[in-house]
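You will see chain A twice below: alongside chain B first, and alongside chain C after that.
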Partner chain A sequence: MIRTLGSFSVVQRAWAGVWRASRCLATGCSSAWPRSCDVLVVGGGAVGSSSAYHLKHRAGRDLSVVVLEQDSTYEKASTVLSLGNIRQQFSVAENTLLSLYGASFLRRAPELLAVEGQDPVDLRFFPRGYLFLATPEGLKQMEENYKQQTSLGAEVAWLWPDQLRKVYPWFTFKDNVVAGVLGTNNEGWFDPWSLLLGMRRKAESLGALYLPAKLTGLQYRQEEPRQTTAVPTRSLTTAQVRLKSGEEREISFSTLVVAAGGWSGEVGRLAGLGTGEGVLATPIPVEPRKRFIYCAHAPDGPWEGCPVFNDYTGMYFRPDTTRPQYFFCGRSPLEEEEPDPTDLSVDYSFFDTHLWPQMVERCPEFGNLKVKSAWAGYYDYNTLDQNLILGFHPVYTNMCIATGLSGHGIQQSPAVGRAVMECVVDGRSHSINLDRFSFDRILTRQPLKEKMVM
Partner chain B sequence: MLKFMIPLVVLIKYSKEWKIVQVGMFFVSFILSLHCYHNFYLFSVGFNLGMDYISYIMIMLSFWVVSLILISSQKVKKLDNFNSMFIMVNIMLLVFLVLTFSSMDYLMFYISFEASLIPTLILILGWGYQPERIQAGIYMLFYTLAFSLPLLVSLLVYYSVSGSLIINLSSSLSGMGYVSKLWYISTVLAFMVKLPMFMFHLWLPKAHVEAPIAGSMILAGVLLKLGGYGLIRVLIMFQENNKEFCWLWVSVSIMGGVYISLVCMRQVDMKSLIAYSSVVHMSLVLCGIVIFSWWGLAGCMILMVGHGLCSSGLFCLANMVYERTGSRSLMVNKGLLTFMPSMGLWWFLLSVSNMASPPSLNLMGEIMLILTMLSWSKLTIFGISLLSFFSASYTLYMYSLSQHGVFYNSLYSCCSGKVNEYLSLFLHWLPLNIMILNSTLVMI
Partner chain C sequence: MSVACRWTRRLCGRHLTLNRGMHSSAVLSNKEDETPKKVWVTHHREGEKMSWNVPSEPVDVRQKIPDNEWRGLLHRIAPKKPIRADFMSYMQRGIDLRPSSIKRWWGNMQTEAAAKDQMYKPERVAVLGFELAAAHFVVHRGGRVRFRGVKEWVEQNEDEEYELSRHYQPGVYIEEVDASKINLVYEGLESMKNLMYLKNLSVSGCAHIDDWCIDRICCQFSGTLEHLDISGCTKVTERGIGALARLRQLRTLNITGLDGVKDIRLLCLLLKDDLPQLKISGINYFNPETLEHS
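So, the complex of A and B:
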């Protein structure tokens, strides 16, 4: 009896399979489920789409790339909620190189991301520059950074206080500002939505498949070590994903790229990072941290020629070039004042207490400023050192992590995507040597901090 | 013949236990190999089934390849992916293949020839990996069916003309003008598609790549030989007409072989490369058959056996790499000698057999076929030289790109080869390189 029942369900399943296959055939094979792929990218934001684009650009049809993006409206993605600022003024040399490639990518984007028969990409790149100010205590560090940046090819200019006053007459610099560095080229802001959609569209036109699904599980296979002293490694084999309809499906892959932004820590937990022993006890130290951006109207504000202004207190503002006399401003809160990241609600009191006084101090014309709107977005915050984590995990040898960019992600996303492509195809990122950003520094707890972080 | 068919059917009952079926298959192959009476006459005749010198070789090959399939498909058992149904489908396929090769009647041959498509389709659709397998199955099915329906018509007309469809009683038809030419084309096209010849080869890369390892092995190992075997049987009827047309088949095959070898050099998917190389080998086989020479027929038999073992072995190797890295792309599978040095031995042995180096059966087959073609027309030397050269070059390309070079970083270590994988590859290679010492076993 049980045998016949069992065979009946087999027949039912076989019929369901045939039915589904015939539906697929009717609508074309492209809508059929990819049971396997070569590279599975988790996260379809800037880094994920850039990785997919660079992989497809390099390999074409020779590698099958599938991108898992759970929300195609990108409602909570860091990419589209960011301001799209780009700068080369970093103290870690690799960051400068990554942003330099980003700037050159932005300039060449209309030709690189062109898809036949569709409108060209318009990134609205305003290279107005970033202005960083230094106090007497930070002067030496600023000088070292400046020397390194210029040696790497960043176009930045050193401004003494009298020069600052001449170029920016509407800013008040008291005696505690002793120098400033201004980017003269390749720094400024652009439209992150256009960059994301441009890269996604180009990747899809080259053959990458974007799936609206959420990753719910990962399975691995234990590998035997080659020598008795080697660390036993694991290879990830299949991913369980859940579609919008609630249906659970599986994809098997050869390489996994973790580009999930603030949720990369959760993706790591699906693989057991953080809950195991030994090396597996260390999670991917990336979590979403909420940051506010306020949009304010200042009728007398310094709108003409204003760069992205960075105060040494961490406050920054820049003009909104789509509407006259509108400014975007924000500030990174201190560790104790971190807002609750469960939702994206905005705390307006933060502006009144932490931002407005500094803004008025810098420029008295901000006195009659009115906050018109605000939004919040997530940083994919690397709790160790707020810098990129790039490379393969030592135990899960086919998991390539590309996250942790903590606020300077959108500007480095093209370069990080290219680095991911080089890791997957060539084994290591060789255009820019990113060995210092590998996951090993997380395991040995050796932070690679920016000496001046915003 | 029944002494081989009945054990097969009985093995279906044991489809739940893999070990019994695996051992049973090898045992039946062993019994079959003891049955080696082939010396030009029919033997084992009964129930309208019988073996003669060509059938025996082919049946032996089928049994051997299916036994090796059951060893290589351990993953189906491990993942418990409908494994009893898998065994049933494979055994059914083997039953139909044995019926095809041992049938003494054209209609029986045709029915089993068509029937062997169904288990193959089930294998591709049921155990394949990618959504493209639906299209691959459709291509295979419709290519074969569309061209073999005229074959059915022509066989029935032959029955009405000559009164019997027994193969051994068939005799050459005298030329009757246009009708006989049409008759000839409609008969022969079915096998051209199955072989496949150059213009009708589109189904092969699709089906081989999308099939699971079992499907690829049986397709490359035996099903392509159905075309060759069928041609040998059918051309008895059309000797005069064939002599008028053989220039067409030889030219298309040789030039097609050259084009396909160039296409091979562009492939990045390992299975796709091996699939296209099957087309190249089969194009030589086709030439050997249609040029009615004794050495041509012998060479084509040897090359069919050699290619069956060699391509099937290469598909096994590609599958082993796929099971470890999860990808078939040569962009990702580089430097495998660093990880699986012992498997490098098998890659080497099977690759050099693929490019027809001594002492493999492929070498003997190719030498005989080259001599045949040259004896038929010296102009073929251009095509043959290009074909042989590029055949070596794409095989070296595949071997070097996958084995040599900097290793792929994310594959830190992997199992260097399980015993059953070594067994399967050894059993592929042993007949391939040893049988040349007694090649009359596979010659006619």
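So, the complex of A and C:
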């Protein structure tokens, strides 16, 4: 056979391509774009990375997991802009259990998230405790919460006013505070960046693929109802994503996990939730709400031994242990005063009007406080009841929603990731029964609110 | 249809698809079988907290393969049908025989075994009460315990025997615990809870004591502990030392060997400000080199 120059080079190039592709598949890397995957996780923050980690930990190579995270610098993500506080003092029992698992996960994180050849994860946990205060009207509710928390295994201590005065001599109050509950174990704060990067690094080392792309569209397939009276369900099939360069690509998947934080409502709208009829008229009720955190210097403030102090007005402050005499403070505004969430600019007047007077009332030494800096972050705010939404959607039977944590997300993210893994693999979350957090309560408008605890 | 085909279809068909609802009873119900489903009793696994919202259905609804069905080699290891996806995944995972992996696997086994061994056991407390349960826990593993009102320490002799009551006795309280020879982990501290009069605790040399364990110690013994020895616990960082201010009765603290902690001298001075009666040993406030040069 006479081989011309052209055909020889074609053969050689074809062989080189085949060899490169087979080497690619052999090493498991995908410089080729993933056309399909088993689980597509929308959102690579704490909940998304935790889901990817738990899925890969359980299934290994048997499930291909792709995480869509449009911004690898996490500039606007709620995870990294949060203070990283952890507590078990909730009034909804499932929240306490989720935080307890979160605490045990954080404690074992150096072993669980260890990647060969890399530095171990250092979460910088500061054990200090949370202090919640009760007014005369809320005393009974506080007592019920306390009994429930101790029965579930949280270690909290009840303090009467004279004990409060003894333990916190700087704390001034009159008859408006009748009791306090202090967490004595597994409560404090840690570094959310380390947790996020630890979980992401471990998930990637186990084979999860993080794509820097933004979700732009979702396609579904109508399913045949099994009985004539059953609601016709749909199954999501493919996702359209856009890369930073503007290129549009497609990925087909088997299960979708919505863990996009404050933007989960938008992801739902891509699937038609909120714009359809019947069940599809209800959107995912999660939107980004801006919250401010002020960093203030108080030279006479109670920096030593100060817990995360939660006032019954919603104001909270805690010491910044990286710098002496610095405090972080914040407050959830009322519905009417919600700041505009289009950007992350800070409103310093909010501190002067809503925060400083309360802080001075609680501790007069905050009088000569000076705000040195501040930042803003987004809550993935569940407009119905500010609690987690977890589970599959009734119509889109392969869309698992895991969002709406509204400010207590980072401490529950390991447990929520495990719950997502159990939903995807086993059908329901069985380690902690989270049926009360399903999407059905959004459809029936039955809120599951936290009583008297932020 | 041949038996092999039927077996392969069962294995690769419905039971191994990782759609949701895989383990729900609806998928597992086998219309071909007439035998009634046996419901296995949920056995209480060790250490599992029976939480208020544990799901009500039993853990394992599978049944054994009937005698007239074909069995292969795999069924000797997994005799129930269907074979779980977790089990198949585990069997198909490659075995990593690199020396570093084996070493890491062995280390993980050791820590897991230690955690399981030292876990809080409610049965022990139910028989002995909190004080004697903690005493048995410590002495059995090589530590020493001293009771209130008694001068002698209780410990194991060379034949690993020791004298401790095997039934609950009221009025017996532990005053001092020396756990330095036990490789104590976080779960071990949980086993020593609710000691009403503990004054002296020594965990020196226990390499697994870290900030979380210090948090646990501060939580459990905050009202009574007077002497604490954490020398040689290198995993403790400045955050753990800072949290020690919660032990309001603390009089002596031994932190030999913790010089690597960031700003340790400043932390000690701050602790002494907070707890005026505290004496800290094992820390050198003056660097001998600077004294020489001055």
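The working rule: the second predicted complex is superposed on the first by the 424 of 454 C-alpha atoms of A that agree within 3 Å, B and C clash if a C-alpha of one lies under 4 Å from a C-alpha of the other, contacts with A are read in each partner's own complex, and residues count from 1 in each chain.
FYI, a contact is a pair of C-beta atoms (placed from the backbone, for glycine too) under 8 Å apart; a residue touches a chain by one contact, two chains touch by 3 or more.
Every value quoted in this text rests on a predicted model; they were computed, and no experiment measured them.
Once the two complexes are laid over each other on the shared chain, residue contacts for A:237 go to chain B alone; chain C is not touched. Of the two partner chains, chain C is the only one that A:430 touches; chain B does not reach it.
Looking at the shared chain after the overlay, A:200 reaches neither chain B nor chain C.
Judged by the touch definition given at the top, the superposed model places A:392 against both chain B and chain C. Within the superposed three-chain model, A:63 lies in touch with chain B and with chain C [touch as defined at top]. Look at A:38: by the touch rule set out above, it reaches both chain B and chain C. When both complexes are overlaid on chain A, the residue A:97 reaches chain C alone and has no touch with chain B.
Within the superposed three-chain model, A:152 lies in touch with chain C and out of touch with chain B [touch as defined at top]. Of the two partner chains, chain C is the only one touched by A:128; chain B is not. Residues common to the contacts of chain A with chain B and with chain C across the two structures: 38, 59, 62-63, 254-255, 392, 397-398, 423-428. Chain A meets chain B in the complex at residues 10, 17, 21, 24-25, 29, 32-36, 38, 59, 61-64, 223-226, 230, 233, 235, 237, 252-255, 392, 397-398, 400, 423-428. Residues 38, 58-60, 62-63, 93-94, 97, 107, 111, 116, 124-128, 151-153, 155, 184-186, 188, 254-255, 304-305, 321, 392, 397-398, 423-428, 430, 432-433 of chain A touch chain C in their complex.
Within the complex formed with chain A, the residues of chain C that make contact are 18-24, 49, 51-55, 85-86, 89, 92-93, 100, 104, 108, 111, 186, 211-212, 214-216, 218-219, 222, 239-240, 242-243, 245-246, 270, 273-274. Of all residues in chain B, only 82, 85, 125-126, 129-132, 134-135, 138, 268-269, 324-327, 329-332, 406-415 touch chain A in the complex they form.
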